[in-house]
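I've put the structures underneath this note.
Next come two complexes built around chain A: one with chain B, the other with chain C.
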Partner chain A sequence: MTGEPAPGAVAPRRSEDRQPGGRARGAWRPCLWALPPVALLALFFLHPLALVVQQSFRPDTGGTSLRPYADVLASTAFREALWTTVWLALAATAGCLVLGFLLALVIAFVPFPGARAVARFVDVFLSFPSFLVTLALLFVYGSVGMANGAWTGVTGAAEGPFRFLTTPWGVLLAEITYFTPFVMRPLLAAFSQLDTAQIEAAGSLGARAPRIVRRIVLPEALPALAAGGSLVLVLCLNEFGIVLFTGAKGVTTLPTLVYGKAILESDYPGACVVAVVNVLISVGLYGLYRVVSRRARA
Partner chain B sequence: MWALFLLLFLPLFALPLLVVLGASFATNWSGVLPSGPTTAHYAAATRGEALQALTTSLVTAVAASLLALTAGTWAALAAAELGKRRRKALDALFVLPLAVPSVVVGLATLVAFSQPPMLLNGTRWIVIVAHTVLVTAFAHQSVSAALTRLDPGYAQAAASLGASPAYVLWRVRLPLLLPSLTAAAGLCFALSMGELSATMMLYPPDWTPLPVLIYAATDRGALFTGSAVAVVLMTATLLVLLAVSRIRTRASYR
Partner chain C sequence: MAHPTTGGIRFDHVTVAYDGNVVLDALDLTVAPGEVMALLGPSGSGKTTALRAVAGFVRPASGRVFLGDRDVTGLPPHRRGIGMVVQQYALFPHMRVEENVAFGLRARRVPRAEVRTRVAEALEMTGMGAYARRHPRELSGGQQQRVAIARALAIRPGVLLLDEPLSALDARLRSGMLAELARLHRELPDVTILYVTHDQVEALTLADRIAVMDKARLRACGTPRELYRAPANAFTASFVGNANLLPVTVGRDGALLGETELKVDTGSAVPGASATLCVRPHLVGLGDGPNRLTGTLAELQWRGATHRLYVDVAGHRVMADVRELKAPPGHGEPVSLHFAPGDAVLLPAEVSADDR
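This part shows the complex of A and B:
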């Protein structure tokens, strides 16, 4: 792009600026170069977001009031969606942490030939959209899928026993499947820096595997677990595709409520209220994640 | 331990992909294995509506990745020149789209660009704008992470030899950043290809990306056609990622 000489134009000045005494000289130039991207961000992201907040105070009846908030916060649909979102996200995070820890442990410490291929596969897995998992689960546990087909084939029953897919449990299973790799990646990075001498010493002194894991590996992995866990928590809170694809009318989370209110009901003030609540929760948690992951790296 | 690993890993991660692949070739799946092998779904998934959706997705993803890469790289380079506190503020600002749910980004874009000064609603640009906003955060994050690892010695040497700042940026810093730029491009592309939540909020009828088409197919019960389209989506994403990683290997050897 043609505008690009920009930031570099100030590079050689850097040392000059930092000299003791000559502090403020030319300090406005870097700010000037930072201006275009910030202006674009403001135009396409911050301003629209501000409009959402503004609209959340403008009921359809006109004027500016807290009516939309009162209406939405009092509605059972919103309360149920909030509760479903929170418990699903917490449960999925717990599941991802346990499963991710086990899998990362095996990949890192049990030597086997395919370990690198597995790590590659995880990367590929992460580049696919989340709703593919739900699509696959429809074939595995759906009303005419693999598991139910096998059951009716073996027992001769008319219907299979697996009917959890359109309940929150189906969403939970899909979320755990899709988000576990997000926990595994920081863990694998942490394990690769673990000093194996400690483990060997413990082993030679007679400690068994569970004890080694509990006393040596787990404490080392805690920061990575915290970072991965809080990332997954935020991602689960905001997950949309998985919930939409289960096609369950009974499972509504905050993001699907935003979609339903805006697109299906054309209730924009209501959608904006839910959106504001969702943003507050998720930005707050994301801030927490940034703090935790910075600690983890330090 | 091995057995446990296979028991957990295969059903969880490999199975979903294999199942979608298997279903895309089947007409019926009521036993353990799919039945009625056919390629008819692919015939449907590679022409007409589906083919148009594929080009839509590709154009959107390429446009959004390039725009996001430009904006993200510019912001990262500009942030590197700022003082510590300002740099932190800029970084936080550019990471914000990651923390905001993408459905809300979609809603915000819809609200902002449905009214006169910038009326984009109903055009393809509203989809591209939303995708760009969503992936810019990733581009910015990976480029600024690469910048902190960059050895400043090369740029300083070039500058001390009299190279102009523009020349230093164009011939020294950007080539050194090229491997991470291509990695960021691949990431942005894959994310944009699979983006569903914001797209559902604002796609116009004549600009339907693949994920929306897959949802429409499964929603009306055409699961097998849906999986064929999903396989097309995965293949397209993988091919582009492969091409990008080849560019990257070449770039890092230079």
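This part shows the complex of A and C:
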């Protein structure tokens, strides 16, 4: 493309084109502005990512092949990690959606003193690191935590009954605890936009609270639920700190598998393969969400 | 099913307060079955609060609310069986028109077949039958308000509450909807209607009786004609129609405006007391006649069919609406006005503070 437009192109709109070529030069400017961020993105993000992908095709034996993929995809460790990751993420997301919806409903619509403070706390909670919640759960339910301590103190038994924290259920509990506010935040914003006159109209038409929630509030909250839910799903798929901190030895997810392969086994191609799969799942889910949400809006 | 809320509405000393701030002060008001009662007042007068107390959205600090002979003061909104229409329609945006109208019937578990006929009936009544499959966002404001009315009527309420239902519409649509509401009431003579508005034209046109409210209190209640012809106080006079309110002193058989003696019916007023003289602008004539007032023309407005004259008479501004003048007087020219003794009303002189 040149700065000089073809004469034929200019002729029909000569009246508005005082400066020949001005229009074409103007169109260049936004592209120039886009250059620095694109360069930074490429240098610090896309290039390392490309290196990971490249590494995943370089087996230790040398050359370029699909060998690492065949090896990793065939291993039971990978399949189990994949399955654990997916069901944990799905279950945690479902739990967060249900719990977050109920809590947001109470905060937004049940007038109680301190509702605003609670809503404010949700914001603060979002800034906490994920391992903090896990650590807190360890204090309560861990093998030497408060719950087990109380049990052994009362019964005199050597061990307490609460040992679920090192199982997948512990990871699930920690993820739901930590990620629920990520669902509540957009929900609270959506609820504050909701026209109270609609709720009042529904009430005077004879609807009780459950029907109002189901027929009026829920449909209005769907976009917020979708936004919060997809965010939590992606975050859960990639969660590392929580799985590590619960000390659940039997629970291996894709991110911990990457860690194990790269740091403990020095199997970089294998680690990169798992990482690529993880990225693909995340991006794929995000794409799915975009498609679904666009269809929902139409 | 539902509750056949025959019988009207009764406020028995209803007081509503928010954080110790009284927004409705000991309201006593009875709306007869099948009556249209307008609650007329400026914003903040407590009229909407009164309506919301009937709907069940505010709880009175004291007093009782009755629907017919049912005390509903403690009932939640969904058990009151009231139809309600608000200014911003409050339609459910994700539901089609027919689903909106069916909402109340489904909430009452009306059988399916009956829901269908009653939705059709309600939409037919409001002239929206052709729009059943549309979404609210595909309708104009006036159409949305018709759907809101259909939705409220579908549950066949004994009482219909209308909270400034026409305020969001433009002027032309408003007068059309006003006629429409009057027609609906003729078709549903048993429905008691409480109509909250700040627009005197809506109140005068539609209401059997008007309750005038100001500063959380009921100021006057009567038929539009009573309130217009013989307002009880200056606030009512100025809020129901236009009024000239002139401070006068009661004489033996008339009143004194400054030096000018005016013949009016003094009723029971004590000679020598101060009072407020109320004359409607359209009852003031230009030129000589009984009860002559002379002054200078301060302002002249041409309104097509009429001229409005603002005349300064002894320091008071008097409005007169007269038929369009062929040769209107100029600014600052001396002008004579007059009015018939029977067209003026003497009001108690509470008012010099709020007649401005």
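Heads up, the rule we're going with is that the second predicted complex is superposed on the first by the 262 of 298 C-alpha atoms of A that agree within 3 Å, B and C clash if a C-alpha of one lies under 4 Å from a C-alpha of the other, contacts with A are read in each partner's own complex, and residues count from 1 in each chain.
Methods note: contacts are C-beta pairs under 8 Å (C-beta built on N, C-alpha and C of every residue); 3 or more make two chains touch, one makes a residue touch a chain.
Because the structure is a prediction, the values reported are computed rather than measured.
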item	value
Which of chain B and chain C A:31 touches, first, second, both or neither	first
Which of chain B and chain C A:279 touches, first, second, both or neither	first
Which of chain B and chain C A:171 touches, first, second, both or neither	neither
Touched partner set for A:203, first chain B, second chain C, both or neither	second
First, second, both or neither for A:220, with chain B first and chain C second	second
Contacts of A:237 with chain B and chain C, given as first, second, both or neither	first
Touched partner set for A:187, first chain B, second chain C, both or neither	neither
Partner touching more residues of chain A, whether chain B or chain C	B
Chain A residues contacted in one complex by chain B, in the other by chain C	none
Chain A to chain B touching residues, read off their complex	1, 3-12, 14, 27, 30-31, 33-34, 36-38, 40-41, 44-45, 47-49, 51-52, 55, 99, 102-103, 106-107, 110, 112, 118, 121-122, 124-125, 127-133, 135-140, 142, 144-146, 149-150, 152-153, 177, 180-181, 234, 237-238, 240-241, 244-245, 247, 254-256, 258-259, 262-263, 268, 271-272, 275, 278-279, 282-283, 285-287, 290
Residues of chain C touching chain A in the complex	2, 55-57, 76-84, 86, 88, 90-94, 103-104, 107-108, 148, 151-152, 155, 161
Residue ranges of chain A touching chain C (in the complex, touch as defined)	195, 197-198, 200-208, 211, 215-216, 219-220
Residues of chain B defined as touching chain A within the complex	1-2, 4-5, 8-9, 12-17, 19-20, 22-23, 29-34, 70-72, 74-75, 77-83, 86, 90, 93-105, 107-113, 129, 132-133, 136, 155-156, 159, 165-166, 168-170, 173-174, 186-187, 190-191, 193-197, 200-201, 211, 214-215, 218-219, 223, 226-227, 230, 233-234, 237-238, 241
